[in-house]
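Each of the two complexes below includes subunit A, the first together with subunit B, the second together with subunit C.
Showing the complex of A and B:
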């Protein structure tokens, strides 16, 4: 675009969001989509228009994976490279994409039409391998389908028309129109059951006072579905008690944990229920503004969600004096993320909503005291809000009777990997892993990773363990691996994920995870001895103890839990050194640089003379 | 708030006014807690993690954690000392720190904290050896981010003391670094007299004033004269490595 037009476009993009620096994320999305990238001069212009420095804008552009400081192709292919995809033929898919496009991952074609990138978890592990092309999802890729897709794109078929098959349920609706499948395999009593009576819970709440609503919420025993399991009623109570003029309700739809996709299905099939739950929360804590933080990978669901919000405004379920309750005003906006797992962490998510880099905040103060725009804020998971709507429809004791003592209700599990029936299972808390595996028709299972990369890796003797906060807590991700799969490869891939997704704020997580991966690779290459395992344990402990947020507190878990549950795998890779020798030291490699500079061989160490020039 | 509170650091009672961080209260009481990203006059950010202490079994950054009445703070214990050592070593291995040829040697806080903690040798971690280009564009200032420890002191000094915003964090994860507010430093209004460029602001040799290297002979450099931790009333052993 010529400069004058570009400057005008940038100006209009900023004006669209009232030149507000708090909406920088939205502004950058406009520009990224319009110009294909955000280069230095544009950063400078945006900074001037919204009153921040150029380097502040650059800070965001270089933080979020979906923004780019160079111009990307008109068509951006983001192929998911998580471990499930790797085990389901990723290498071949990468090869075919590369061949068809003539570019490698990370490159843009010379004609500026295509960019090809690899990306972690796009929330489609049950339909792997999968890719996002612009914001259209292409699940279940095969070499054949990739060739077909690229051929059509090259012929100029618009991305959304390339695959005209539709998935089940609302995926087939005009506003979603996606070939993604819900794959709901088991509907539980609370969320996926079709006995839900919309708005009944909300109506009942509006006849109670907020304190009573919070009490029922506490009595229900509901704990957050995002992984940490914090009691939701207590969170609401803390926010209500904090002195403030304004409070905020945020729904965490960032769903970044590897192997989870249940929020994707809830957003598709239960969005009204989720919004009802948010509305109840708003009434309980005294909030008039809410945000749905939607991960960029789910941008294809945005028109659908906007439409649901619009319909609710039309029927007075959002807006002023909701359902005739004088003085209760509440509305919701959608904040699109831009590719950062750390933005699932609630304080980082709040930063992101404020148009900042998604870095966790200093705590205390906690979000319930000082959150979004410095005001008390509750952040809850999609599933948590769905449960809330149901609790008020059916009663708190109905809910607390489901599940176990300390884990009330059901849990949505996202099952992927080596099993016949990948997909969503809504099961009461307390279900044994073995029972889940049977339902999913998983045979020859050797490894189950519960709770994503930051969860626990268990082997066969632990399959009788139960999924609940008392035993195996989880955000819902269950990755199943058969006996052909390599434990160390799984660990390595999780560490890569954490290295890529660490925000880099604090030393132990930023640097420590790189060191962990280096040592795991040494083990994989057969160069490690038992002292390396001590090193791994010690380093893991350091990272867990001294990191400042949940990412670093959990990132060494794949190492520790594989060491604990699969010690034999490690043992089989170790080689004890002969005295005085370091196995991983390679004299030829060490000399290479000197040889190159000196342009001659080493008389002592070169077995064969060769000129490296 | 002028209520006073009492708490303990390694058993020593500290009496202080309410509303301070543990580190501030410790400083006032003459108890040294080692640190790198924190600097007097700047907002604390709790990123280097060297100043961690333990309270109620939890490890927290003392530069951001409020001191509260009745707290029992563990500061100079073997566990915490070992964590601090490992964290400092990580910083050495993350960047390129060739102390004998570095202009900042002797006035470098990373080096001084290492001596305080008893680190004198290369360590167990691998070297990452970054090779980011050096920004020598400016007439008086040189920026070598291969030595940067991401403490962000220059960022905060430029913002709060100079009102300039010359620097900011860019990138993320291991690629997170300090960026300048323009194509390069010469394209900004950086001045050698800025607080952000002061010799004390950058704790390592990342921001260098040109023609200012090696101005003090060995033995007379800043931390030769006054090693870190020695201006405290209560002297602690940083200890040597176990």
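Showing the complex of A and C:
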């Protein structure tokens, strides 16, 4: 685009969001999509228009994976490189993409048509390997299908027309029109059951006063579905009690944890229920503004969600005096993320909503006191809001009777990996891992990773353990691996994920995880001895203790958990030094270059030395 | 019984050894505690017997450093890496920064003997006498080559630091240095 036109476009993009720096994320999305990238002069111009420095703008562009400071191709292919994809033939898929496109990951083709990138978790682990091409999801890739896709794209077929098959349920609706499958394998009583009566819960709430709503919420025993399991009623109460003019309700649909995809299915099949839950929360805490923070990978669901919000506005389920309740106003906007796992952490998410880099904040103050725009804010997971709607429809005691003592209700589990039936299982809290494996028809399972990369890695001895906050807490991710899979390779891949996704603020997290990974690779190569395991433990504990947010606190978990549950795997890789030399130090290799340059052999390390002169 | 102590300077500048001499008259106390074996201090070229403790200055930049370090590992119970060169590679390790070259070692030698503006070398020859030990592809710190038991940081660690650390080690006391002795920023 020529300079003048470009400047006009940038100006209009900023104006669209009232030149507000709090909407910088949206402005950058507009520009990224329009220009294919956000280059230096554009950053400068944006900064001037919205009243921040160029560095501030550049800070965002370089922080978020979906923004680029160089112009990307018209068609951007983002192939998911999670461990599950790796185990299901990722290498071959990368090879075929590279061959067909003539570019390697990280490159843009010379004609500017294609960019090819690798990306962590796009929320499709149940149908891996999968890729995003622009907004469109292409699940279950095979070398053959990749060739077909690229051929069509090269012929000029628009991306959304390339794959004309549709998935099940609402995936087939005109507004989603995606070949993604829901893969719902087991419907539980609370969320996925057909018995849901829409708006009944909301109507009931509006007849109670907010304090009563919060009391019922607390009595239901509901705990957050995003992983940490904080009691939701208490969170709402704290927000309500905090003195402020305005309060906010945010739905966390960032779903970045490796191996989870339940929010994807909920957004597809239960979005009205989720919005109803948000509306109830708004009434309870006294909020008039809500945000759905939607991860960029799920942008294909945005028209669908916008439509649901619009319909609710038309029927007075959102907007002013909702359902005739005078004085209760509430509306919701969607904030699209831009590819950063850390933005799932609630304080980072709030930063992101404010148009900043998604860096976690120091707590206290907690978001319930000072959150979005410095005002009390509750952040809850998609699943949590869905549960809330059901609790008020069916009653808190109905809900608290499901599950275990300290974990009420059901949990949506995203099962992926080596099993026949990958997909979503809604099960009451307290289900044993073994039962889940049987349902999923997983045979020969050796390793189960519960709760994603930051969760627990367990072996066969622990398959009778139960999924609930008292035992194995989880955000819902269950990755199943058979006995052919390499524990250390899994750990290594998780560490790579944390290294890539660390926001970089704390040194122990930014640097420590790199050191952990180096040491794990040393073990993998058979170069480590037992003192390396001590090092791994010590460094892990240091990172946990000194990191600011949950990412750093959890990043050494794969290491500690595998050390605890798979000590034999580590032991079998250890070797003591040879002739006093460390295993990874190879004197022959270290001398190769020198021998070549000096054109002579080593007097010390080559067996016999004859002077040929 | 007196402990046996050995010391060596590998790819270092001898600064750490010089610093050791800053213990001044305490060297008289030291010889009450230890017997020196192979060391530049007494110019013993070979080990006379197995030693308890060795102080290692410098990392490894050539094959001879490696062999010496291996020999120390075999002949001493406890190896103490002294100074930044031994611990992290120190100044010599800067040559590892030549990474984006197909032939980093050659580039390093060319820079040192030919290309630099400050070199006068009319024959353009790079020293290559058979008596010269071969250089390693890069500089390695001591821990990368053999197991190291303790480290004393500093460039060089001061005489006091070395003194307190060594005495603690000899007497088996906990190693507690006042922060001004090991704080460098």
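Following the convention adopted for this analysis, the second predicted complex is superposed on the first by the 584 of 613 C-alpha atoms of A that agree within 3 Å, B and C clash if a C-alpha of one lies under 4 Å from a C-alpha of the other, contacts with A are read in each partner's own complex, and residues count from 1 in each chain.
The working rule: a contact is a pair of C-beta atoms (placed from the backbone, for glycine too) under 8 Å apart; a residue touches a chain by one contact, two chains touch by 3 or more.
The model shown is predicted, which means the values in this text are computed figures rather than measured ones.
*Asks:* State whether A:331 touches subunit B only (first), subunit C only (second), both chains, or neither.
*Replies:* neither
*Asks:* Which of the two, subunit B or subunit C, is in touch with more residues of subunit A?
*Replies:* The partner making contact with more of subunit A's residues is B.
*Asks:* In the overlaid three-chain picture, which partner chain does A:306 touch, first (subunit B) or second (subunit C), both, or neither?
*Replies:* Touch partners of A:306: none, neither subunit B nor subunit C.
*Asks:* Contact-wise, after the overlay, does A:587 reach subunit B, subunit C, both or neither (first, second, both, neither)?
*Replies:* After superposition on chain A, A:587 lies in contact with subunit C alone.
*Asks:* Share the list of subunit A residues that count as touching for subunit B in one structure and for subunit C in the other.
*Replies:* Looking at subunit A, the two contact sets are disjoint.
*Asks:* Name, in rising order, each residue of subunit A that touches subunit B in their complex.
*Replies:* Touch list, subunit A to subunit B: 40, 44, 53-56, 58-59, 62-63, 340, 357, 362, 364, 499-508, 510-512, 514-515, 518, 535, 538-539, 542, 545-548.
*Asks:* Note which residues of subunit B are touching subunit A in the complex, please.
*Replies:* Contact set of subunit B toward subunit A: 44-50, 52, 59, 61, 64, 66, 83, 86-87, 90-91, 93-94, 124-126, 128, 149-150, 165-176, 179-183.
*Asks:* Under the stated contact criterion, what part of subunit C meets subunit A in this complex?
*Replies:* Per the touch definition, subunit C meets subunit A at residues 63-64, 66-67, 70, 73-74, 103-106, 109, 126, 128, 130, 133-138, 140, 143-147.
*Asks:* Could you pull out which subunit A residues touch subunit C in their complex?
*Replies:* Residue positions touching the partner: 529, 531, 577, 579-582, 584-585, 587, 589-595, 597-600, 602-605, 611.
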